[in-house]
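Labels for the chains are A, B, C and D, by order of writing; each one numbers its residues from 1.
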Amino acid sequence: MSHPAIFNTIALVGRHSDERVAESLHLLAGHLEERGRQVCVDARAAQLAPRALHLTEPELATHADLIVAIGGDGTMLHAARLALAADVPLLGVNRGRLGFLADIGPAQARDQLDDVLAGRFEREARSMLRATLRREDGTTQESTALNDVVLQKWETGRILEFETWIDGQYVNTHGGDGLIVATATGSTAYALSCGGPILHPALDATVLVPICPHTLSDRPIAVNSSARIEIRLVQRQQTKAQITCDGMLLGDLTAQDRVVIGPASTKVTLLHPVGHDYYRVLRSKLHWGRGGQEQQRN
Amino acid sequence: MSHPAIFNTIALVGRHSDERVAESLHLLAGHLEERGRQVCVDARAAQLAPRALHLTEPELATHADLIVAIGGDGTMLHAARLALAADVPLLGVNRGRLGFLADIGPAQARDQLDDVLAGRFEREARSMLRATLRREDGTTQESTALNDVVLQKWETGRILEFETWIDGQYVNTHGGDGLIVATATGSTAYALSCGGPILHPALDATVLVPICPHTLSDRPIAVNSSARIEIRLVQRQQTKAQITCDGMLLGDLTAQDRVVIGPASTKVTLLHPVGHDYYRVLRSKLHWGRGGQEQQRN
Amino acid sequence: MSHPAIFNTIALVGRHSDERVAESLHLLAGHLEERGRQVCVDARAAQLAPRALHLTEPELATHADLIVAIGGDGTMLHAARLALAADVPLLGVNRGRLGFLADIGPAQARDQLDDVLAGRFEREARSMLRATLRREDGTTQESTALNDVVLQKWETGRILEFETWIDGQYVNTHGGDGLIVATATGSTAYALSCGGPILHPALDATVLVPICPHTLSDRPIAVNSSARIEIRLVQRQQTKAQITCDGMLLGDLTAQDRVVIGPASTKVTLLHPVGHDYYRVLRSKLHWGRGGQEQQRN
Amino acid sequence: MSHPAIFNTIALVGRHSDERVAESLHLLAGHLEERGRQVCVDARAAQLAPRALHLTEPELATHADLIVAIGGDGTMLHAARLALAADVPLLGVNRGRLGFLADIGPAQARDQLDDVLAGRFEREARSMLRATLRREDGTTQESTALNDVVLQKWETGRILEFETWIDGQYVNTHGGDGLIVATATGSTAYALSCGGPILHPALDATVLVPICPHTLSDRPIAVNSSARIEIRLVQRQQTKAQITCDGMLLGDLTAQDRVVIGPASTKVTLLHPVGHDYYRVLRSKLHWGRGGQEQQRN
């Protein structure tokens, strides 16, 4: 499963205001430079890697052959948008606690980076979503998401009513707190808290998960990831909604607007250590098999 | 979306001990014979269609160019196994209540059959599962399922413990009442009652849904329908389990046996009236949008 | 089950900007005046009941021997706060669709009001909650709720983290979208959409229902309605929360504040037609027994 | 909260075929005899406690002032039936893993038993259920349960249809795999796996939890523990059901029979170490607050 690849220029990204991230960034920059690689970092982290190229964040992705994200899965989500835009592979180093996405521990980071530099890694393509908010006046706002595009009520009290359409077919009129449109990657994030299924990353699927739906039979629906999903608010007084992509605000939604969600034009490439095991990550993160919930069954 | 097809010989199947089924079978046999088609029916229903060919059930499928199942979704499941084995398309006529699978009402049956004979229909391929029970002594038992393969505890009281493996990778050790392995078609059947997602029939996916799992984070997982799923009981005193395919007993499971579930070698072909709308069926069957659950949200 | 009661002065309340409510209010005012009762209405609805006393809303409750709420369950929630404060019984007339609380249909309203005036009714006491928001600076804000007190994240993206304490005992630190503290009455409202149980109104219980909890074993807990429930935010950057009582904003919550929720000092009294059947209302509102979800179970 | 109590004769019960149970039983018997107490054990465990009284199991409860159950929660359920029948308090010693009911660890067992002998303990009354199976021919079978009375389909495939009545009022006609009627104690057992709420043990409530219900709005209902719950099968071909009490078979159910479930005439008394904390047990058993499910929420 390893692939020939030459990673000459490597961007290190992370929330360097976090001490542990800063420390890892400093160590890894030095390590990669010893290995003869050109490191580049955000100009705001210049003092952590004085010999690196100091660039703006968008420049990081376009200059690099590989992005190494240091931090939690939130950092990975952010880095995935950079990686997608520049079509650069992405590797995640966590800060000590296994992530769904950042699966290299800090203790193993240098050895596993050496493996990657030597071509020993597994390559995994993950689907991303593209959300487009189409305003009544014809203007649009767009963003991509590795986890999910979320429609949520905004301002309290009132139930949100909205219609869903898939590939031009009317699906349902929903009442509730909102809707999560999640990739396989996002199926273990917010969608899971709302009763959604786990989607294996190799399954080309997108899942629509209603948030606290009014109607109890309003269940998650998984569709092909090529599906074009459209959401429209039902015109009602006093409802407001927001659209977020991986937790970042895309914009407010009014009854005249539409959100269209479909696959991003390409996938993002994650690199993993050889022997990466998705189910092992699931077992660890979901606390399976440690006795789990020990209720008495007589 | 219509396809050229010549349906000269048409098998009518259904539980003819049910009066409404018998009546529909009689009427449709006469109608098809008026249209110059050769009808064939189960020999036990000979008096309902005296001019038809009277065959054994397995012969019905191999003689026919088209199977018309009359009844509920249970009849469709049964007919699907016949249709799959003989690679013949299948059309469902319900007895008055829309089914997930039997989507032609009795009132429209003659007109819609005429449409089908004239080549006006939509063709949909549905994935089926093949389950193989491998005994310790090397013997095997096999069956196919359009809805689901279910592992269930058998004899009360004790919790069932079992391991799942997907494509050779260990997934989890589960405690609970059992496991449903469902196709997209079966995702709206038993699996839905156990918290599983709805899978659109065009999504090539299989979902594993734990039944009343001991561990609350033991959630449904959807995988590619090509996946090879293996289930083994954990050796414990007094546990017994059964495997059913679409509700039909495949066999008992002991700790030395294994169940292997994968895709059937071909798909079954369903015929639908032109304009068939999966989401309309969902809305109708799940009572969406009729006010649903009218609880007060302030 | 009927009780002697003299209802000489009757307040009619409702959202009179709604035409159907205005019409019912007008008709019922006339009807009650024919029966020799003093009617009182909100001064803003004076033209709908010209001979009635025209008062401010708080005056309505203190003047009346009975409050008749016309509208949906939202109107009932509002009227319940008035009724509780003044210790006056409450009767609900719906606008054509059975409510959980407003169980007299418009067609039967005059006859059933006559029954009530004649002492033929059933009296039911419903628990209410009192929520107190205790600010760091010692100031407090208070409100009551018939359905629920809800803590919800405010401003998108970030997960909310908060601690719960019951009768001085630490319960849990929760991550998620918030928490619903619901009465039995509120158990069929928002709490039901979040996976909460139905609590029979005669059960003296309050239920804590986490909203989209991060941890899947973070399940609803029902406790005695006398319990004193305290909620504190975990100090984190950028989290904001709101507290609502029956959907009305009580205030924003910061990490230094506490919310204390306990039983209101008295219960509110609902009047029902003789033969009122809670389970019949459940069956109707939750669409039980109409075939429900018709998925095929083989 | 401690109470004067003289525990002169103490019954030790447990599955002595389990080595760890046998070892604890032997040690505790010696310890209690050193403290001048009369110990009594099942005659089949005579060699583990040679100086003890050797009795039949029913005699154990009637001779003792206190029952100490050694083992898991299954042993506690069994001991609770003995304790209830004889109105003797019950204390649980686990085998090394905290139980919901057996909350004294083996390492602390001797010290905490000394505390109990000295009157330092907390007393907690737990509701139990009484189930009566009334046959068509007038015969009855009865049993009690500390956790739950469970109606379950028996023989595979077919859905079970049954009616529920509470205090003489018709509630619903259910389709599915069965129904759990659970006490507060049982709410953290099987009922939790089926979507039931946690009921605090001090709440006098019983919860009806449908097992894999056909209709998704068929949700758990909590009622007063004084409620009289009646279950009747809907007459259908081929359905069979079983009734179990705490996992022990009470009998098979046919469409002519009825099950009536109500509170046992008395409660069972559990003794706990001083400082017993129900929520601490919940946190430990349900893995709350250990990071729980660490899915990424952006």
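The working rule: a contact is a pair of C-beta atoms (placed from the backbone, for glycine too) under 8 Å apart; a residue touches a chain by one contact, two chains touch by 3 or more.
Everything quoted here is computed from the prediction, not taken from an experiment.
Residue numbering shows that chain A and chain D use the same positions for more than half of their mutual interface.
Between chain B and chain D, the centres computed from C-alpha atoms are 40 Å apart.
Measuring from the averaged C-alpha position of chain A to that of chain D gives a distance of 45 Å.
Centroid to centroid, with C-alpha atoms defining each point, chain C and chain D lie 36 Å apart.
For chain D, residues touching at least two other chains, in rising order: 157-158, 190, 192-193, 195, 214, 216-217, 219, 244, 247-248, 286-287, 292-293, 295, 297-298. Taken as a graph of touching chains, this assembly is complete, with every chain in contact with every other.
For chain A in complex with chain C, the touching residues are 150, 152, 154, 156-158, 176-177, 190, 192-195, 211-214, 216-217, 242, 244, 247-249, 286, 293. Remark: chain C residues 72-74, 76-77, 97, 99-101, 147, 188-190, 192-193, 216-217, 219, 244, 246-248, 285-287, 290-298 touch chain B in the complex.
Within the complex formed with chain D, the residues of chain C that make contact are 157-159, 166, 169-173, 175, 192, 195-200, 202-203, 205, 207, 214-224, 277-279, 282-283, 286-289, 292-293, 295, 297-298.
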